[in-house]
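Look at the two complexes coming up: subunit A is in both, with subunit B in one and subunit C in the other.
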Partner chain A sequence: MEHQLETIGRNMFAIFGVMALCGAAFMVASKSAVHSVLGFLFAMLCVAGCFLSLDAEFLGMAQILVYAGGIVVLFLFVVMLVELSKFKEKGVFQLQTRSAVIAVIVGGVAFLAAFRNLLFGTASPEALVLRPELAQGLAVAQQNAQAVSRGLFSDFLLPFEILSVILLVALVGAVVLAKTERV
Partner chain B sequence: MVNLNTVLLISSILFAIGIAGVLVRRNALVILMSIELMLNAANLNFIAFARHSGSVSGQAFALLVMGFAAAEVAVGLALVVALYRKRDTVQVDDINLLKG
Partner chain C sequence: MPIQAIPMTLTQTLVMGLLQIVVVLIAVFIMVPLLTFAERKVIGYIQVRLGATRLAGGHVGITGPMNRIMWSMGKVPMLSIVRGLPIFIADALKLITKEDIIPAKADRGVFTLAPIISVMAAFGVFAAVAYYPGVMFYLPKGFPIVGGLPFQGFITDVNVGLLFILGLASVGVYGIVLGAWASNSKYPLLGGLRSAAQIVSYEVPLTLSLLVPVLLAGSLNFKEMSILLATGKGLHPLAIIPLFIGFFVYLTCGFAETNRVPFDLPEAETELVAGFHTEYSGMKFGFFYLAEYANMIVVSALATAFFLGGHYLLPFGLQRFIPETVPFLGQPSFIFFLGKVCFILFVFLWVRATLPRYRYDQLMDVAWKYLLPLTLVNLFIAALIRFAF
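Right, the complex of A and B next:
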């Protein structure tokens, strides 16, 4: 029992990753928009699990808050506002679906061929090691948040400020775009 | 222990699913969600490389990408709502104003 738990703990990332892929595939393939949103929610939660298993606790929690708490609700509201039932009969997929799928498959094969040595070569069994100085910083959630904030406010201060301006512009822009014609 | 290549493989497949969603679906909402999926795949790579190189810069940048994604989805959904008001559709192949 303990051994099994240990194995599960060691492969936590792969489990969450495969679940995220399943959620993403369900999102793309499902006919109903609400089902798509639910698949998206599942994929985002599993990606948050991936973040947690990579010792990025703060980002995992931020992922859950931002995506599951904010963006999915926003999507659901828009699905509610936009009446989708009248598009049912027109088909789910684009006309060029076959060529698009072929292009994606060819691209994936080309990617795998180009990075075959990198992904499955001799270097691949090397595990993702944590540097000791970082391991200390990432050990506890609070310390992870401290480490991230140190990076954010020292190396990435200017992008952080620019992002706040972008958020303000997006806020104003969304209101302007979505408001009705009569003011 | 997580292998770096496992992370890269999963994130590249996630990115490919996102591209397939953008190319294949007609519904503008699903296309926006696929774009979010691609941003998440990039975030996964950022975090994996941050862990691999032992610096937190990647995590800080992933946080910035997350905020950018939130801004982008707000504007995108506002566009979808405005489009629905004007043209009464959210199917991207009905929107052909620029078609010659």
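Right, the complex of A and C next:
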């Protein structure tokens, strides 16, 4: 049964990954903004599925809660408020199509060149850990909610707090920008 | 109650899961129409009228002779509760057989997708809800494939069950918003925008109020949390204070999340015709209806499990004062869970019959100015009780 579940999990990861890519492609290609948001939502849910098939249930649920439940709803809210139907008739890829295609090809080749070994080489026997002396603590955690919270709130507390301050700065900046525009 | 880990093959696990899903779905499909019937009757009695009585109360039919005798004696037939009951079958038949209209200018795909998302989110949540954290009964030996195996009171035992529930519930808002947008009409759009703002706002205090039981239980697993909070073992006696406050905050936010009165602004009839589902008819409307009532049941189940002591008799962890040796009252039972769920569902109807609707600015004030600070203070108290005492 364990073996079967492992195989199923690996296959599920592939299925969810392909589905996420399809959602992302739909998001880029669709002409209506609301359809784009739907594609994005689908991609996000599939990424959550990828996390779940990798036994990272906490991350998967956080993905659904934060992206599907929060961020995409706000996207949809804004898209519904701003009437975009005027732009519907224009072509999808009307802006800088050629340079965009070139950039994507160059980026893809560079990515493959850099991560060739990572993608197609043999996997390392042990997981890569940022600070090996803390790995013991993570191994003790029984569930990955515990592991994540241990990482965030004890081992890497300072970087975590600094990150949240950076987000706060972005928030304040957004408020300031919006205010000056209105006056 | 220890759960025996009987090894099951993959087929058995899948069949067992399917069986449990079917049972839960049937239970929900029975509870929802009964709830609509109860809604008519309860509101009727609160407003000093009889509610639905007429369907089986005519002078013809099976109950006709009895009714004729009752009326001739100058009395209202006393079985009026039973006599209105067939109305829920009529309701369901009406929804199924009604013409399914899609407006000409609507976005057909999204218009169809919206009720599906609503129902899927509402029903998917039941996967992680534990009605009884243990084995309810053992299937008879003769049962094909899964004979003799325990039938547990939950479909899956998710490590992060509470997050699963909150996540899926937050996906449910898409049904309303997309349905509103796809209708391509003014009133639904306004209803949808209101709904998005309302649900996103109330999700914040809702989640924070649920953090109190999470903090006190030290787990995100639905089953573990409900057992620990119900028996009250390891809880500080003062933990009743944050649980008590949290319960009322959670229930308030639950009303808002399910779009019930007094927070039913997305479908405020007086201003918005029928809000987000104005353009819907037939079973597509029925799906929204189903999702709303299923959500009510989920909110009640969560409130029961985390605040009202779940499958034990006394709420807020007071159960510890009844020793486990007391028969029935000291023992866990599914009946207690069901009774409490029904009581909270009754509160939903009670509030609907009593309170008027909030104004929109009042609605937002309640969420951001009162409930949010209250939940934060409550969370602080809970943390203090958990770690300082």
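Convention: the second predicted complex is superposed on the first by the 119 of 183 C-alpha atoms of A that agree within 3 Å, B and C clash if a C-alpha of one lies under 4 Å from a C-alpha of the other, contacts with A are read in each partner's own complex, and residues count from 1 in each chain.
The definition used in the following text is that contacts are C-beta pairs under 8 Å (C-beta built on N, C-alpha and C of every residue); 3 or more make two chains touch, one makes a residue touch a chain.
Small disclaimer: the values here were computed from a predicted structure and weren't measured.
Enquirer: May I ask you to name which of subunit B and subunit C touches more residues of subunit A?
Expert: Touched residues of subunit A are more numerous for B.
Enquirer: Is A:F58 in contact with subunit B, with subunit C, with both, or with neither (first, second, both, neither)?
Expert: Both partners, subunit B and subunit C.
Enquirer: Quick one: is A:A25 in contact with subunit B, with subunit C, with both, or with neither? Answer first, second, both or neither.
Expert: first
Enquirer: In the overlaid three-chain picture, which partner chain does A:V47 touch, first (subunit B) or second (subunit C), both, or neither?
Expert: A:V47: touches subunit B, not subunit C.
Enquirer: Check whether A:V148 is in contact with subunit B, with subunit C, with both or with neither, and answer first, second, both or neither.
Expert: first
Enquirer: Could you say whether A:Q4 touches subunit B, subunit C, both of them, or neither, answering first, second, both or neither?
Expert: Touch partner of A:Q4: subunit C, not subunit B.
Enquirer: Contacts for A:V73 in the overlay, against subunit B (first) and subunit C (second): which applies, first, second, both or neither?
Expert: A:V73: touches subunit C, not subunit B.
Enquirer: Where does A:A103 make contact in the superposed view: on subunit B (first), on subunit C (second), on both, or on neither?
Expert: Only subunit B; A:A103 stays clear of subunit C.
Enquirer: Enumerate the residues of subunit A that count as touching subunit B in its complex and touching subunit C in the other.
Expert: Correct list for subunit A: 58, 62, 70, 74, 81, 144.
Enquirer: Note which residues of subunit A are touching subunit B in the complex, please.
Expert: Those residues of subunit A that touch subunit B are 10, 13-14, 17-18, 20-21, 24-25, 27-28, 33, 36-37, 40, 43-44, 47, 50-51, 53-56, 58-59, 62-63, 66-67, 70-71, 74-75, 78-79, 81-82, 84, 87, 90-97, 100-101, 103-104, 107-108, 111, 115, 118-120, 124-131, 133-134, 137, 144, 147-148, 150-152, 155-156, 159-160, 163, 166-167, 169-171, 173-175, 177-178, 180.
Enquirer: Would you tell me which residues of subunit B are touching subunit A in their complex?
Expert: Its residues touching subunit A are 1-10, 12-14, 16-21, 23-27, 29-30, 32-34, 36-37, 40, 43-44, 47-48, 50-52, 54-57, 59-64, 66-75, 77-82, 84-85, 89-91, 93.
Enquirer: For the complex, give me every residue of subunit C touching subunit A.
Expert: That would be residues 7-10, 13, 107, 110, 113, 158-160, 163-164, 166-168, 170-171, 173-174, 177-178, 181, 189, 192-193, 196-197, 200, 203, 220 of subunit C.
Enquirer: How about subunit A: which of its residues touch subunit C in the complex?
Expert: 1, 4-5, 32, 34-35, 38, 41, 45, 48, 57-58, 61-62, 64-65, 68-70, 73-74, 76-77, 80-81, 143-145
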